[in-house]
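There are two complexes below, and they share chain A, which is joined by chain B in the first and by chain C in the second.
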Partner chain A sequence: MSASAAPKIEVLRVSKQFGDAAAAPVLRDVDLACAENEFVCLLGRSGCGKTTLLNIIAGLVPPTAGEVRVDGEVVTGPGRGKGMVFQQNALFPWLSARGNVEFGARRSGLDKAGAGRVADELLDLVGLRDYGARYPGELSGGMQQRVAIARALALDPQILLMDEPFGALDEITRLDMQAELLRVWSSRRKTVVFVTHSIMEALALGDRIVVMGGGSIAAIHDVGLERPRSRSDPALLRLHDTIWQGLH
Partner chain B sequence: MGAAATRHAAVLQGAGFIVSLLLLWELASALGWLRPHSFPPPSRIAQGAWELAVRGFPEGVRVWTHTLVTLRRIFSGFALAMLAAIPLGLLIGRSPTLDALTNPVITFARSVATLSLLPLVIVWFGTGELSKTLLIAYGCFWVMLSNVIAGVKYVDPVLVRAARTMDTPGREIFTHIVLPAALPRIFAGARTALGVGFMVIVGAEMIGTIEGLGALIMEARTFYRTDVTIVGMMLLGVMGVLFALGMEALERRLLPWHRGLSEVRR
Partner chain C sequence: MNPRAANALLGAAGILLTLGAWELVARSGIVSQSVFPAPFHALATGLAKVPLADLGGHVWISLQRIALGFAAGALLGVGLAVAGGWYRTFGNLVRPVVELLRPIPPLAWIPMAIVWFGLGEPSKVFVIFLGAFFPVLTNTWKGMANIDPTLLRAGQTMGLSGPELLLKVAIPATLPDIATGLRIGWGLAFGVLVAAELIAAESGLGYLIMNARQLGEVEVIILGILVIGAANLVTDNLLARVLARWLNRSSEGSLP
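What follows is the complex of A and B.
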């Protein structure tokens, strides 16, 4: 483990099996530690178990064996310390963009006035100051995910869990959103666990890339490059090849 | 403003189409292509309408009475159905056990044509107002119930998961997530149920009353007054359209977000 301090998130021998015992496990004895304020990418093909691992860290799904600890405490369910952003639009369609962010802020224990202030601040942060009154259905996919990020941040969580948040966006918007996320992350330091199936996305974002395959961790790569990263940086491309080859 | 202009143009177009159909109809009657007794021309129907408005049919029961009585019956039945179906539907929609238990009963009851219950309802509750209200309520109830259940049951699970990640307590997940998410479906159910009410009323008014549009239509049949039958039909149709528009306006007002959503998806 590269981090010297006690890890923020510890995944300890986590296994997960859906259905009966004869079924193949989705996760098998996964061990992982994430340092405070670290940006960790879980990378793998569809069905490799990365989303299940994220849901277990979130406390949305219980592990079959093993446990997840946050700050040394066993995770037993979802909590305010962990904000989550989903792949599909998970905004509440009956609330305005601002209302959605306020919802998160209210859940973190703020009163109405305080939540309103936080919502304005966060909408500003994600570049949607003028779109607060719009309903999610009136926003583009990229804007919806910005609101979703703002809503997750409104909980003031220490951990941000992101499940392929840009997976449904077009490539161009996706690149914009990666830059946007790094900008937001640099102003609000959080421990981030980011699930993706894009090697380039993982390389653009992560401090570390955890490559998953067949329900366990296949490899862990330290990226160690300054951000913002150039996509044509030879070191980055070399790592891309290493990861790509490791996946076969 | 652009949308309003488009709307006006659409209304004008629709009105123009209807007027030309009526003219064609009148012409067909004047040229002897249609027999005036079976297919009374618009002018004959207008006379019938005038008679209904001034003298009434049967004499003394004027068109306003028929309309108001019918509306009152539809509304009391509809309201009764809403009062019963909404809480019950919310309850069943939340509980998979109750849902599995009641599903066959609901499918069965929905399949029974409401008017086939008419003889039974007369035996149980007589031929008075109660029977008519109950028949309409029965028709509205099952449609509404299945829509409320579906509304609650098929809430997008990702919304519930999102709320859970924000540590929302179960009770609030129901009131703040499931309920608003189910509202469009509940509204659709109410609209359909009201439509059912308009269908059932004619049958329900076939017995024990001379008031109401259904009674008017039956009475006109007895006297071969096809013109009066058509007036009654048209009044029901116009009322149906007006109420559908009213419900739409109400939905736009109460669920502004949903309109935006459907427009984007279109």
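What follows is the complex of A and C.
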């Protein structure tokens, strides 16, 4: 990634207001640029606007003012170039795990045979080779999120948007999934925007951590540590303290 | 013994116990046999008066009427509810009319049915149609209204919108509610059968029962009632199996 390269995602003076003009804005003049293949974490408390910002980047929610550009083109709606992983319950319960991933692959324009191959590859990649025939209701929360990641990757998107994808998992599974995501990401490079309310999660994953508060960006931190990162690395803990203090 | 077989055995035992108790009460002489005949006697006498071939004919014609009315009710019910649930303006237009008509018992429509369709088959099928239509409509509508928005957003992020999103996400997500509506609708179609066949019918289980009442053949009435119950039980089970397979969700369709 060269410094002169145009950003993959540009958020330009984006504001968002739900309801009438008297209501406090959810987002206020947010500017952000993400480089190609960069892993960016949006960190903040509940209600700070990070999920709204992600939904605007996804094209699911229109901004009240400003615009988002991907590869220089204004985002006008959701689409296949931007895969999304939700917090939970976003798999289609009427399809098997393999069926869900295949669904994504078919949407990327593959025929049935090609989609089946891609589904098998991706289930293998997320460690669920033997669970393709299971239905979402028969999988644990962690497995469901692996399938959701595989389904998003099946679109072959350039951007992966993740909305607290591990937020509903227990702590131990969550740590496993973070390592898993980094492994997957290292084999399928994407520009990732990852929303989380866990400082440690952001530190474990992100190239950059965008700290949000009150509808705008409070601080941006370059992590600059090699992965996999040790949670007891003094540099990481120092950054943890800096972020923590910045949130108060 | 596996639990399924044990449950089936328990169910059979329950039916036999009920029949046994009925037989005992009837034989004890507490009530007159001409009003409340013993079950095995009633079935034997009933079958002597209505040969099996005739009975089969009545069952067949009744099932045809139910199937026709149900099919029409199911198609229109699902169609209207899907359209109303998806296209909000259309839904708001239609909903009050539905709410106005829904509480009217199908039987109250019989005079109207005769005026509109005469005494032939269509009037009977129409009443059965009404019995099936509303439960299918309301359950489907409820399902459409309660689709998890995350599923729709997931579909949108995969590039789906408009009719494609409806067809590939919204309707599949609603299938369990549609299935519930279909089963309730099938039961109600059976429920209004006798009333529907009151309309100048010369065949069908409803006709058989009402005709037997005029002739004072209590045994035939009992036979007819039991056959309606059995036919409903068997067909409802079949429908449940078909729907479970159709739902294709192994967690819910727990069939071998």
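The criterion applied here is as follows: the second predicted complex is superposed on the first by the 245 of 248 C-alpha atoms of A that agree within 3 Å, B and C clash if a C-alpha of one lies under 4 Å from a C-alpha of the other, contacts with A are read in each partner's own complex, and residues count from 1 in each chain.
Keep this in mind: a contact is a pair of C-beta atoms (placed from the backbone, for glycine too) under 8 Å apart; a residue touches a chain by one contact, two chains touch by 3 or more.
Bear in mind that the values here come from a model prediction, so they are computed numbers and not experimental data.
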Overlay on chain A: chain C relative to chain B, clash or fit: clash
Touching partner for A:Gly47 - first (chain B), second (chain C), both, neither: neither
Contacts of A:Gly224 with chain B and chain C, given as first, second, both or neither: neither
First (chain B), second (chain C), both or neither touched by A:Gly246: neither
Footprint overlap on chain A, comparing chain B with chain C: 58, 60, 78-80, 82-84, 86, 88, 90-94, 103-104, 107, 135, 137-138, 152, 155, 161
Interface residues, chain A side, partner chain B - complex: 58, 60, 78-80, 82-84, 86, 88, 90-96, 103-104, 107, 135-138, 151-152, 155, 161
Chain C to chain A touching residues, read off their complex: 148, 150-151, 153-154, 156-161, 168-169, 172-173, 175, 247-251
Chain A to chain C touching residues, read off their complex: 58, 60, 77-80, 82-84, 86, 88-94, 103-104, 107, 135, 137-138, 152, 155, 161
Complex contact set, residues of chain B against chain A: 158-159, 161-162, 164-168, 176-177, 180-181, 183, 255-258, 260-261, 263-265
